[in-house]
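The structures considered in this document are given below.
One chain, chain A, links the two complexes that follow: it is found with chain B in the first and with chain C in the second.
Here is the complex of A and B:
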């Protein structure tokens, strides 16, 4: 069974960072990548994120499912952008350079293609980092560090609890769906999407009911062992912040500053190589 | 001895109920005592447990009269957390009790909540994990553990608190027989090592009595009706009268008209002292029953040849060269350890897991090319937990669902659901919502909804898990009945009693192979198979040895036959 939220335990410097550091860095990094369309900056971020992927020892096959999913999404997104506003790039860069003798509405322009390149780089700069966060953060350790940066422990704990029960729920879903199929509910690709959704809903009811039963048991189990007794709790998986944590956060903060500075220097969110032409 | 826990004229009533669930309870538990609480479902055992661990009144609201004190302190004046410092509870479902992502975190849970810092946190976890033998599993996730290991972790999780009273709520449910035996040993060990008092709630009496307990408390309809030593209780007939199954050797002695008295030490098959005349009586009983006849040959229904199956390509196979033949009209038990391949085997037969090697034929027809849906018209599969199968609100709709999805006419649906509901004894409930039914009744709904498709065979996964003796008998007699009407029944079970009593034949799985396929009596008395498949010998066999009956297997076989033909028939008539 494929677990989407897969923590993959391998020794690497990125795994050794605390969950909170990784979370803060993820936020800062995404802010930096989101705020600008500066091609040079995005290219550097993209290259850096690939290097970090290498460092983290996460392999392509570990994340192939999510990666191919985002890739399909990226392609569709690009096609849609092109179809709906093929001249978007020309508006942004305030110039039009036709690449072919044909000059109709859908004619390819250098500006539009350059815009798509930026679009692609933005994905490249962010997606690997998100995957990296998911794959290298131990959920319990993440909960403990969320608590450390000020999130209430009951909230932080529910994050790790949810992750704890995902495999259970997946297994149950599988079992219930098999039993339902035996009773004649068609789940295979042979039937149309409406019927498949209907079938899925008949599985959801028993799934929800059995999960509700469990929630009562779990919350009792937790209370019986003193959860919620005090305002604070300690964490078995907690790690102290160390020098690399601080360094990483500072570097990511600098990235945000650079992104903002570039926006000011470029005079807009876009880096425009067509100005000189 | 110091008093640890004391109920004085204690009565409790849930807010939602019109009658009290616990009536006039008087019970004292001393330091270091080990007590077994037994009683049929609905007798108030769970409520009693909840009163002790504080879930009543903190999670379940109600009104109480009388007094409950822990170490002299009135629990009404204590907080849940204060109580949990002296009382540790191991819940029935050790899967749900497992809160942490890994073994270590789960053991540490109570300490974390108590703000225990490093290095004490890690040290205590290591120490306690060593005590219950899970120290090599500290970084394992719950899904990677066996049922017995999970339970060890649960025990460790409450032991970190230095509690003085340990509560075990049906610790043997969901464990295979041998693991259950280890669990009883573990509980005994933990109690002795920590000096904590132990209260076990369990209806598998014989299994718990494998290790000594000081007292058995028998509950019935909210009251404590007996509170005495096992030796005393087993000499009486109170257990049977109140719906609790006696140990099998006791039943056999009673059938033989042996007069059991407390000074015979009947609490244990190893301690019981039988006089020569008692032995003679048992021997006479054995001689008086005829050796059951071999049944004649029947038509082959399901033939499985050379099935090998792995969940993922390249992984080691879960089923290895399985060959099995089930005849029409048989009632067969499939037994073996957790993870031996029993469930996988039934899933492969039902078509849930395609991609196996080998051949399955059903009533002479090729089964391999059929889909799940098509196979379901021949073989029905009933999951262990009925809640996993029920997706409609009303009983009628649920039972009719399979036919409706197959596009049957309304007329056909009406006649077939009526038939199925009547067989399952649910006809008078037909217009009820399913939520109003008990667990056992829900189980029948799921069986009824399978029966509408008129399968020739049904497979049940643990048909009686978590049921008390009365419901157990109800479900099993019902299965026997549909079996007599011609439906072939295949049961996956851990329950040795069930196998002995109801199955004609048992198929034993171990590590993906079938290691035995024989009558239940021969299997349960074969020490090699018992050991390899984590089964448990029956005390009947030992009784036979004690009474110098050479053919122990024959004794077991005759005892079962006597129960089936003489006793059950008499009881049914009564």
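Here is the complex of A and C:
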């Protein structure tokens, strides 16, 4: 199984930003991309995110596994939207332009295709940023950055524990599942749902019981080292903010303002090139 | 606010990791498209029952956040908050159960099942659709239908898987007073 939170350590300007900056920027950027459907704005965000990908020196093959997954999801969603409401675009843009002489329910319209383009752009504007965050942020720094933006350190520590143990739990799940399959427990599509649920729980019980032991061991170790004695703690991975950090956060904040302004100017969340004046 | 115990913090972290792995890789299709049987809610019920509402709330929040995150389609806040709510509410209702002292039989099981059914119906039938409408302005009939289907599926899974887990865990803990002095 692939590790999903694969931090890739390469020297780049993006890696040098603090985790707190990247987290704040990610939140602001997704807020900006989510709040509007303005095609021009989304296209700029998408192009910018691809440029940043280049700057971060993350290579395509590092993320191809994640990307292929997202791509399938994107295609599926587009097909579903088209099947369920092939005239969704016409409703949004209040006009209908048939592209072919055929004008049935499923006839392609310029509005519908434009809507799908927007849908695609929305993904293009957000997914590279999410991947960028995942690949360039050290998990331990992520926890310290949560603490920095005001989350209590005990909660931040839970997050970092979760990140630390996801690969372990994943590996253990895989081992137990293989062991059960070797003993003849059917987990695949060949059997019915009730049986699959049953066999899932035969994996679950050893997995949970070993995890309970693990909780015991870790909390004892932390208690022995005096975790939680003080109200504050320092972080080994924490960096102070520098100029690029502040610039990035300001730029992302401006993006949110632009997105909101565009929504007001356009009169809705959509940019409408089909409007007749 | 009372300081969180170290055990709660660790349980939250590991609970979130388990929630993530189960939610991400153990999707069992229920036959209806887009609705998977989510084994992770059984786990969440278990964590909330054993370690309390705070651990439940945070494990649901963090775990669900990571699931959405790793799929790369952005974070669907209304459902993340609903998961957190499930953890919190289950933890509060079941706080009188003493699974961590090895007691889970008869009445306790009935209480656990009834409370998780109630929690899931409130969460997916009410909290999630209302948040969907508030945050994403989705059509009401769609989200309430979706919500009721998930409520049904999730409460059944939680009742089955959660109970199995609680029973199994309670068995591993020696009960108070189970040792007797030899005459």
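Assume the second predicted complex is superposed on the first by the 262 of 277 C-alpha atoms of A that agree within 3 Å, B and C clash if a C-alpha of one lies under 4 Å from a C-alpha of the other, contacts with A are read in each partner's own complex, and residues count from 1 in each chain.
In this text, a residue touches a chain if its C-beta (ideal position, glycine included) is under 8 Å from a C-beta of that chain, and two chains touch if they have at least 3 such contacts.
Since we're looking at a predicted model, the values are computed, not measured.
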For A:98, using the defined touch cut-off, is the partner it touches chain B, chain C, both, or neither? Pick first, second, both or neither.
neither
Report for A:214: first if it touches chain B alone, second if chain C alone, otherwise both or neither.
both
Let me test your reading of the model: by the given contact rule, A:169 touches which partner, first (chain B), second (chain C), both or neither?
second
On the A-aligned overlay, A:205 touches which partner chain: chain B = first, chain C = second, or both, or neither?
both
Scan A:196 for contacts with chain B and chain C and give back first, second, both or neither.
second
Can A:159 be said to touch chain B (first), chain C (second), both, or neither?
second
Quick one: classify A:227 as touching chain B (first), chain C (second), both or neither.
both
Quick one: classify A:134 as touching chain B (first), chain C (second), both or neither.
second
Overlap the chain B and chain C contact sets on chain A and report the shared residues.
160-161, 163-164, 168, 205, 209, 214, 218-219, 222-223, 227-228
Residue numbers of chain C touching chain A in their complex, please.
3-7, 9-14, 16-18, 20-22, 24-26, 28, 30-31, 37, 39, 42-43, 46, 58, 62-63, 66, 69-75, 157, 160-161, 164-165, 168-169, 172
Given the complex with chain C, which residues does chain A contribute to the contact?
1, 4-5, 30, 34, 66-67, 69-70, 73, 123, 126-127, 130-131, 134, 154-155, 157-166, 168-170, 173, 193, 196-197, 200-201, 204-205, 207-209, 211-212, 214-215, 218-219, 222-223, 227-228
Spell out the residues on chain B that touch chain A in their complex, using ranges where they run on.
53-55, 58-59, 80-81, 84, 89, 91, 93, 95-97, 99-102, 104-105, 108-118, 121-122, 125, 141-143, 157-158, 161, 347, 350-352, 372-373, 375-376, 380-381, 383, 385, 387-392, 401-402, 405-406, 449-450, 453
In their complex, what parts of chain A are in touch with chain B?
138-140, 160-161, 163-164, 167-168, 171-172, 175-176, 178-186, 202-203, 205-206, 209-210, 213-214, 217-230, 232-237
